[in-house]
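Please read through the structure below; I'll follow up with questions.
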Amino acid sequence: MSEEKEYPSLKEFFKNIGLEVREVKPRRYQLFVDPDKLPDVVKKLIDAYDGQVYLSTIAAVDFIDEKVFELNYDMSVIPLRCVLILKTRVPRDKPKAPSLVSVLPGARPHEAEVYDLLGIEFEGNPYLEKPFLLPKELANEYPLRKDWKGPGKP
Amino acid sequence: MSKELKVIEIPVGPQHPALHEPIQLKIWVYGEEVVDVKVVAGFNHRGVEWLAERKTWFQNVFMCSRVCGICNTVHGTTCSQCFEDLGNVEVPPRAKYLRVLVNELERIHSHMIILAIMAEAIGFDSLFMLMMRDRERVMYLKELVTGNRVLADYVTIGGVRRDVSKETCDKILKYIDFIEERMKFYKKIWGEDPIVRKRLVDTGRATASQALSHCFVGPMLRGSGVKSDVRRDYPYAAYDEVPFNVITYREGDSWARMMVRVDEIFESINMVRYVIEHLPSGPILPKVVPRKLPAGEGFSKSEAPRGELVYHAISKGGMKPYRLKIRTPSFTNIHNGAFLIKGAHVADVPVIFTSFDPCIACTERVKIIDAKTGKVRIMPFNKLSKLKKL
Amino acid sequence: MSILRLLRWGTTRSPWLLHFNTGGCNGCDIEVLAAITPLYDPERLGVKLTPSPRHADILIVTGVVTKKVAERLKRIYDQIPEPKVVIAVGTCAISGGVFRGSYSHAHGVDKVIPVDVYVPGCTPRPDMIIKGIVEAVRILNEKARKIEQEAPVR
Amino acid sequence: MSLPKLLGEVAKNLFKKPATLPFPKEEIKPAPGYRGLHRVNGDKCIGCSLCAIECPTGAITMKMRPSDKKKRYPVIDYGKCIFCYRCVEVCPVKAYIVSEEKPPVIRFDKKEAFIVEPIFKSTAEKPAKEEKQ
């Protein structure tokens, strides 16, 4: 992996695959992707940058008013020294998204965590498990959903 | 052998002499070889993200500092930066430099403690005692600057909470010189001592491509030869003005990971010196710090002693965040790194696991079934088929 | 009778510690670790850290007691032979501290097992932890004496 | 195989002064500026409850004054306090007295020692132990 190799900028790369990326802050890019296209986009991204891309986190948000779950995939592109936030939305009544494990094995614990705390199912990830982190008493509940009633006062 | 060897399940933890924190490793062994591993956890799940939605912005900075005790300042810094990013709060330059100072002091003490624990894990108790003795000097410096030995609560939204005086700076320089002197000696031990080398070289080896595809961060990634450091790649605080080198080792084994930490201590010492020499004057807090932050999205990442730390906040305005996502470095390192244990000797399990610098409190939730993609180097083929059913 | 007196003499002069983290932030744990290092060195006072609950006299508990770990804490407490003393180190172990109100922990050690000595502070300094151990030895002595008196006289 | 590198260091340490602090004989002094126990000066406090609102753990509760029914005063529970000094920072009248005193060890039968009332000088509401500033 040589440092000298020239890589295309994120704007060029996404133009080539027919998407447009927005620079929200310096070195921070953001774009909306369809959930079905996500593994494909990530695959292309990894190939274009010689695998020097890793997933920082998946921040899942429950927008209860709009009846959607928003998934923020925070990717780090090492050669460009920048952050790319891939946003995708899945409906709240059918929370299913494709898994990234086949293209990026490191996505496994992140997806398992989101599945445990918010109940979004990642199709193709064989490691999803409930309860993953929660105690046994809360095995069937999703604490980070906004309509979860909570434990009450101690 | 008349009797056939069986695959045996061994639980390691949650209360275990080699692991000081509550995590359970279920390992399956065939003879002396580990054939499968499962990280069972959640023992440390405290519901921090759920609590964060119910606390105000300022309370959140204090709570996020307590996600992890060893790397608390960097948690506080990243949390504050995330909220500053959200509310467009300008941080004065002196506060930026002081953040670098405290973060680097913390990196020195954190790396020293993991080096000491590693020495204990390989049975090198005198090195453990000597390193812990010298580490107390750093703890004293931290107490002098921040007001508490471990949980500093030094950083707040907009800046830092205390200023440093001239005498404090002199004392820091004096103690830092002592620590550098001692670290030169320890580097010789870590690099050349036969006890250390025999135990660490060639255990838990990860190649660069494995490290990247399994999303390793921090010293685990740099130990495999990938040049990635958030301080350089995505500079925060005053790291774009402070010169330093990114340390990489090509070997990718436990020894390389520890050597990355040893060398980073020297870089941190130089950075502390640079910061004290070039400390700008001025206020440490902006005049007005808003108590309410606008709607929007805040993102911040930083280089914790264990790797990249990410905060992602989503706000709908008001006093409290709508969602705060914390991704700690140990979360990916422990979950994804477990495949390195596969194929190792049972006696090497604590060594490999300690070389991850596991911070279970940071992870605040752990549990994984091992990746099947990581190739097992030594495989008892006759048992692998049965193993799948376990 | 005299055997029990010998036992009391032994345990109070050289109490062995067992340290158990029940899901704290690690801050108290590294202070407990710092308290057994050369600078404070309780070993010159006869205090020693032991890995096994069956050898221990004093149980040092740090951290909020998460629900998942509570049953293990109970099991470890039961394994320690009488007389035994429990020290709760840190604000989290006393009341849950900054994580009060969360769904996944028990808000303090004394909700799960009886506690004899509290060491407040976030985090307590190593010398205060040693002072807590001194206080615990005093209680250990009282408990051992009680066992001695209640034993049937032959 | 060479000699272990640490042997020389270990031998040298045999002839040095011990690093251990003579702890039970001498108190260990924390570094200047240590965040220790803090108390409320009851005479200065105006009862605005800002510290109770801002406290990250809810360790401060506001109590009614017996003499003046309209005013309140804060009571700190050291069993919940994390010594972050947020209350000291936000207090508009600087009614908090800070010290470098370490929080004391408390036995199971003296749990009420966790809860600490403010210091009053003028009124006879709850004369507490004097503390140097």
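Going in written order, the chains are labelled A, B, C and D, and every chain counts its residues from 1.
Note that a contact is a pair of C-beta atoms (placed from the backbone, for glycine too) under 8 Å apart; a residue touches a chain by one contact, two chains touch by 3 or more.
This structure is a prediction, so every number in the text was calculated from the model and none was measured.
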| item | value |
| --- | --- |
| Selected pair, greater C-beta contact count between A-C and B-D | B-D |
| Mean-CA-position distance for subunit D and subunit B (Å) | 29 |
| Averaged-CA centre spacing for the pair subunit C and subunit A, given as whole angstrom | 43 |
| Centre distance in Å when subunit A and subunit B are each reduced to the mean of their C-alpha atoms | 23 |
| For subunit A, residues contacting two or more additional chains | 134-135, 143 |
| Subunit B: positions in contact with at least two other chains | 42, 45, 47, 50, 62-63, 66, 130, 133, 148, 151 |
| Two or more partner chains touched - positions in subunit D | 19, 30, 56, 82-84 |
| Topology of the chain contact graph, where touching chains are joined (line, ring, star, complete, other) | other |
| Complex interface listing, subunit B residues touching subunit C | 14-17, 20-22, 42-48, 50-51, 54, 62-63, 66-70, 72, 113, 129-130, 132-133, 135-136, 139, 148-151, 359-362 |
| Of all residues in subunit B, those that touch subunit A in their complex | 41-42, 45, 47, 49-50, 85, 208-209, 212-217, 225-228, 232-234, 299, 301, 308, 310, 312, 314, 322-323, 325, 327, 331-332, 335-336, 364-369, 371, 373 |
| Subunit A residues within the subunit C interface of the complex | 134-138, 143, 150-151, 153-154 |
| Interface residues, subunit D side, partner subunit C - complex | 19-21, 23-24, 27-28, 30, 56-58, 77-84, 102-108, 111, 114 |
| Of all residues in subunit C, those that touch subunit D in their complex | 38-41, 44-45, 91, 94-98, 100, 114-122, 124-125, 127-128, 130-132, 134-135, 139 |
